[in-house]
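Chain IDs A, B, C, D, E, F, G and H follow the sequence of writing; residue 1 opens each chain.
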Amino acid sequence: MSAEREVRLDTQRSARTGFSEIIYCPGKSDEQIADIAAALKDTKENILFSRVSEHQHSIIASVLPDAELHARARITGVRRQESPNYKGMIVITAGSSDVPVAEEAAVAGEYMGCDVKRLYDVGVAGLHRLMAHVDDLQAAKAIVAVAGMEGALPTVVGGLVSCPVVAVPTSIGYGINMGGIAPLFTMLNTCAMGVSVVNIDNGIGAGYLAATIVRQLYTFQNKA
Amino acid sequence: MSAEREVRLDTQRSARTGFSEIIYCPGKSDEQIADIAAALKDTKENILFSRVSEHQHSIIASVLPDAELHARARITGVRRQESPNYKGMIVITAGSSDVPVAEEAAVAGEYMGCDVKRLYDVGVAGLHRLMAHVDDLQAAKAIVAVAGMEGALPTVVGGLVSCPVVAVPTSIGYGINMGGIAPLFTMLNTCAMGVSVVNIDNGIGAGYLAATIVRQLYTFQNKA
Amino acid sequence: MSAEREVRLDTQRSARTGFSEIIYCPGKSDEQIADIAAALKDTKENILFSRVSEHQHSIIASVLPDAELHARARITGVRRQESPNYKGMIVITAGSSDVPVAEEAAVAGEYMGCDVKRLYDVGVAGLHRLMAHVDDLQAAKAIVAVAGMEGALPTVVGGLVSCPVVAVPTSIGYGINMGGIAPLFTMLNTCAMGVSVVNIDNGIGAGYLAATIVRQLYTFQNKA
Amino acid sequence: MSAEREVRLDTQRSARTGFSEIIYCPGKSDEQIADIAAALKDTKENILFSRVSEHQHSIIASVLPDAELHARARITGVRRQESPNYKGMIVITAGSSDVPVAEEAAVAGEYMGCDVKRLYDVGVAGLHRLMAHVDDLQAAKAIVAVAGMEGALPTVVGGLVSCPVVAVPTSIGYGINMGGIAPLFTMLNTCAMGVSVVNIDNGIGAGYLAATIVRQLYTFQNKA
Amino acid sequence: MSAEREVRLDTQRSARTGFSEIIYCPGKSDEQIADIAAALKDTKENILFSRVSEHQHSIIASVLPDAELHARARITGVRRQESPNYKGMIVITAGSSDVPVAEEAAVAGEYMGCDVKRLYDVGVAGLHRLMAHVDDLQAAKAIVAVAGMEGALPTVVGGLVSCPVVAVPTSIGYGINMGGIAPLFTMLNTCAMGVSVVNIDNGIGAGYLAATIVRQLYTFQNKA
Amino acid sequence: MSAEREVRLDTQRSARTGFSEIIYCPGKSDEQIADIAAALKDTKENILFSRVSEHQHSIIASVLPDAELHARARITGVRRQESPNYKGMIVITAGSSDVPVAEEAAVAGEYMGCDVKRLYDVGVAGLHRLMAHVDDLQAAKAIVAVAGMEGALPTVVGGLVSCPVVAVPTSIGYGINMGGIAPLFTMLNTCAMGVSVVNIDNGIGAGYLAATIVRQLYTFQNKA
Amino acid sequence: MSAEREVRLDTQRSARTGFSEIIYCPGKSDEQIADIAAALKDTKENILFSRVSEHQHSIIASVLPDAELHARARITGVRRQESPNYKGMIVITAGSSDVPVAEEAAVAGEYMGCDVKRLYDVGVAGLHRLMAHVDDLQAAKAIVAVAGMEGALPTVVGGLVSCPVVAVPTSIGYGINMGGIAPLFTMLNTCAMGVSVVNIDNGIGAGYLAATIVRQLYTFQNKA
Amino acid sequence: MSAEREVRLDTQRSARTGFSEIIYCPGKSDEQIADIAAALKDTKENILFSRVSEHQHSIIASVLPDAELHARARITGVRRQESPNYKGMIVITAGSSDVPVAEEAAVAGEYMGCDVKRLYDVGVAGLHRLMAHVDDLQAAKAIVAVAGMEGALPTVVGGLVSCPVVAVPTSIGYGINMGGIAPLFTMLNTCAMGVSVVNIDNGIGAGYLAATIVRQLYTFQNKA
């Protein structure tokens, strides 16, 4: 059986969403990765391969020479469009160990056209670190809040701002953290309004969503 | 100990968010509910009491005569502002049993200033019911997708639209549904982009978030 | 079989701990409750019956006329000793629905000899409410921090103070809160130092522990 | 202790089921594998070894020279009978990463006598990919629907067809996917009728069951 | 809002499946139930309302006078077609407490056109009770095996027969049974081939599936 | 359908085990209970109905006039044989709230022919209460150790004795006790040797097992 | 800190139990292992080291030259006493992959003085394999029943015999087996009487317990 | 992006707590570790790096030459202050495999200024080992009780003493121990008073808390 029959790109998505294709790479065979890259060779929009291994990146890059590896974000990106540099998206982390997931969100936001501000290692067990950035936070239009351990950051941020907060639990922690399940539950139970949650370590999903919210602001026409 | 010392309203919230106060009622004593209602007597903004019992509503209404009960949504609302009737928010459900949670989201959206469109009982086990509304869905600016049982609706909706989808799992189901935990997990694992999730049965949180996204569109000024 | 054979009081405990007897009442038969009360008739130390039903209180009071019901704390107490009124114990809650569990801790602390300060409804989704009490918190010698929902309060408090914080998750919440399991996990994963955790809704255990810490300060002699 | 005493083949099974022996290989020692292969040397029916490692395959092949490795399906098969090529079995996957599990089902179906149609990478987050194959699906007699992530595919397929759908959750995913537990729960909670579920990654069980249903159609005699 | 907008019947289903409509009743309002019954007034096919309360049955019966209550199965059925009385479907239970779930399966099968054989209270802790019926079991074309407690029955049955076995865990049990989760897991882990599983207490789903398998035998034409 | 077809007594059991029939009553209909009682009318051995409601007891007693209710143990027993009064079985509990489960074990042991010693309310948080009975414990031949809360008792007992200890977790507790799941896990993880575990609140199973061990001592003949 | 302070042998155990010392080796440092071996140099009773790595065995053997490795059982044993060869202990497994855990039980039983009979690979999905050994099983005095996958074996065995059955779940399986948690739950929920359960893969604990039961038969004197 | 922006030290903590900085190292990049070490070069207080790998230690030591590796405790410490050698802190373990976690607590306590007493391998399955140290335990001011397996130690210790007990579950165990979740639950459900719990394997948190309690005794001034 040839691999062509195994991968079917959602070509209607970019037409529908105005955004680029995103390919989740774990579990895909080398042949599948190569087939997908080949099928995207001539697309006019940005492309993101998420959770790439270095080996998978090299396969992609051999087909798409303009592919760029963002190592910490584990993203291979292909930039085919100028960025409009939309303002208003912030990615914030509780700890420095959460940075790789945050980078996944930030890089995704950048490929989606946003000028992303990063605020890392400002967890709530030392509140003054967070409070130093209240003005930035209150000016934001969409915030990705990334935290492992107990996952309290999005609740405190959500209580300080009026824009949507996309909470991302990370698998940073140990014991009853259970690979991020504990901060996931924390975030879902938040008593702050305006906070929603994505899967553990799903930086790219959060970045995509935040960028969608910001982008909509700049492209919205129907104001009465 | 007097109850005054037990409730502290977040008076900075409305200043910060431009939205009304929301009070979660379960577990609050009658005295606490009455104290809160009294403290809000002269506020100029809309007020929402969520998950009210009929008994709690009557306490509130005796203090705030303009309080209105939305019985299916289990919301007592006090409308103190004209609605700008922002367009673009849709609330959609998989089943008819999900309607109470959906109403919580819809009523919240309406108090937040949105003109909310409802699409109920269009679950994915009979796709043609959903597909009949694709145009409405693709024109939306924020969608609240409510589903119990297996919780597949937000994934299918997320694959059809380009705006943010706020997924709400409900506790409708039995057995390994586990009071909504199964559809919650389904939604968090969605392979559709642009979907985020709130707690089980948290209609009001989803409605607040969707309304925040829509409202931001109409009030946004900073376009370069 | 007579009930005498079914209950055995730990008479060595009060000798050992210098504190009063605490009897956990759920699941005990009326006959067992009466037997216990009778056995304590002549004790010289304070007695606490926790999680009493009103019916159980009336049984106790018929045997021990000096028994007093603390209804919100669900405690029947018998005060047989002057209070030394040790200073330095604070009980703090995130929400007003957490007050019954907090009262359990506070009343226990009072029977243990402490002059307990209460700070209720100062949850972290509206930080300014908490920050108004930083001076009190930083002067404390032991803090019981009570929270349901996402359970973030003890982490933020723990980051503000240098004394021990005893975290108590409550069963206030819904959905993936799972009767307090989510805030319990949050608290166990806290990235704040000096925080430890007791079982869900275990106000009396937390109050006992905080009072133990404070009392030890006042009775400690062995300084070199 | 010799290994002979450790393995006992269910020789009544093939008589009873009319199908071949299936040996699950993980955890079996080399000696056990060799003993089993030797015991099957002269059987007249097809044999399947599932979840074989390459090392285990080589042991089998050294005893049974007609053994063939199906690498992606992790199956070693021994074909001793002509295939009747029964029509009507489809194996469908949501993603391309689900293909190995799907292949396990498909290869099993083929050894069981079916002519299996494969439809891979047609997940519901891009519905048009699935809808392109509605005619094939509605003509099927038994469908194996394989999905990881949120596991919504079998619900949508079940809503489109009238034949039995055997749902197979896969361990493809991350975070709260929990190694396939989330899609398993999704499938068990399906609101589509005619869908049943097997264990996570149990492609061979699903393939066996689907082939049983199809085969029964072709061998059924008792019509009144 | 009128209830009409809240319920949408899947009128394509019966066309597609050749079977009757099945309405899951828990959580539906009286108005919704009445609307559904009214919408089905003139249908020519059988109708099943599952998990009806007595109150819901009386609402249905007031609209559809030919509605019949099957009390133990908690089914309200409306028979509009002669039964073809297809042979080959068996419903078997481990205990007598499992009978209500088994009746749900059996009644569903009967409305779907099958002549259902019942074998109740033949659990595997007294094997001789089961072995007395081996001939019946081996002649079956589809078996619904219902068990609570440890859920071992479908494994033993699956090892005795060659037809598909649909396993239904029930919530009969206590302690670590966890409302049927333990037997559900047992059945999913079965080492018997040909067994698949539905949700806890989902008798109607299992009956529908078994009847689908049997019915397909009698209506299948394409034999080469 | 008559109820006779729904209940099948395991008449081979008593022949095989030399013990009486045990009928688990929850979930059984009145008709089923009556049928079972009638079927046992003339048996020569002891009979136990476990977890009977008062209503179920009255049904049984109307058929079997020699039936006796053991209310705390929720057992209806019918004694048809003299007791041999085998010595050596002890039932021990951690708390007084655990007594109903312990009584289930003790009454079962007594119907099985043992002279059961009870040691109640000797939990390990006050070790001296337990240590007062070390001689009794070390002389025992089988011990049923019953505990809720943290479930530590069987570990400490197991470390003190050389006979088998059957550990029974109870659902006494709250919060993360989870209806007895926590003490169940404690007991399964015990580092004491000679301890095995039965389901939560399964006093009757533990009593049956302990009595089996003791009875075997008195009836064993084959010594070389 | 020297390692001597880290290990304290329970020298009272062998006096109390009449059995040998058992040392659980995982997580112990090389120095700790060596210290323990040295401390046991002159003991007159049998010694068992469980879950030894090959490296740990070599440390032990360098101190105790009479140490023998039982590789499949992962036991290092030191035999210092003649075996009385007590009859009546059987170890039975469902699959051949369960053999290592079964060997742990069997070897433990042998060091405890029993003449152990092994019945391997007789799982209940092919009942005839088990039924061939009913006579052996019914003559046993204590049975260790080992099973992974769905864990049904102990229930079926428990229904066939009158002696105690010690059930051992193994981690053999995949998916919702969850490393043996599923068969553990199955066994705890068994509807067979006389069955108790030990931790997953705890062959040695089960073997110790079964041997305790058998040994007690041969050493029991107090018959009236 | 430079790493400087990724790490923000909580410089207010040491001012606030009077204790040294603690850096949790897993998940931190080499560059982050080096940046943190550099930022702490001139601090006048003790520093602790927890859960360091050997590689991370060498990075730290190259920046901070006075850094010392405590290998079993996986701590790199930097001592910049004389120890006041406060008396009264005990670290106790159930098994010898728990020693690494206990060492984490003990070393932390020593850097915090305590003279820590260690009591290792005194688990409750051999009570006499523990009882030999009752006098030490009853003289303590704060006890860290470390246990894996069933986690019963803190309950027994808590019942013997009057000072606070900080319970630390460890991941030592197997099967339903679930990496320490079982002993965690045990400890949270303890029926002993004065016991609180930290996360699994969180020795450093427990040591910090115990040292805080002891230190407060020696620095407390406000006695009336």
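Observations on the structure shown:
Criterion: a contact is a pair of C-beta atoms (placed from the backbone, for glycine too) under 8 Å apart; a residue touches a chain by one contact, two chains touch by 3 or more.
Worth saying up front: this structure is predicted, and the values here are computed from it rather than measured.
Distance from chain A peaks, on a Cα-centroid basis, for F. Homomeric contact chain C/chain H is classed as same-residue, with over half of its interface positions used by both copies. Farthest from chain H, judged by the mean position of CA atoms in each chain, is E. Centre-to-centre separation of chain A and chain D, using mean CA positions: 36 Å.
For this pair, chain F with chain G, the centres built from the Cα atoms lie 25 Å apart. One simple way to say how far apart two chains are is to compare their mean CA positions; for chain B and chain G this gives 57 Å.
Residue positions 10, 13, 24, 95, 125-126, 159-160, 175-177, 181, 184, 188-189, 191, 193, 199 of chain C are each in touch with at least two other chains.
Two chains count as a pair here when they touch; such pairs are A-B, A-C, A-D, A-H, B-C, B-D, B-E, C-F, C-H, D-E, D-G, E-F, E-G, F-G, F-H, G-H.
Taken together, the chain A residues at the contact with chain B in this complex read 10, 13, 16-19, 22, 24, 87-88, 138, 141, 159-164, 166, 184, 188-189, 191, 193-199, 205-206, 208-209, 212-213, 216-218, 220, 222-224.
Touching chain B in their complex are the following residues of chain E: 1, 5-8, 10, 12-13, 24, 26-29, 32, 169, 171, 179-181, 184, 199-202.
Residue ranges on chain F touching chain H, taken from their complex, read 94-95, 123-127, 149-152, 155-156, 158-160, 173, 175-178, 181-183, 185-193.
Chain G makes touch with chain D in their complex at residues 95-99, 118, 120-122, 125-126, 128-129, 172, 174-177.
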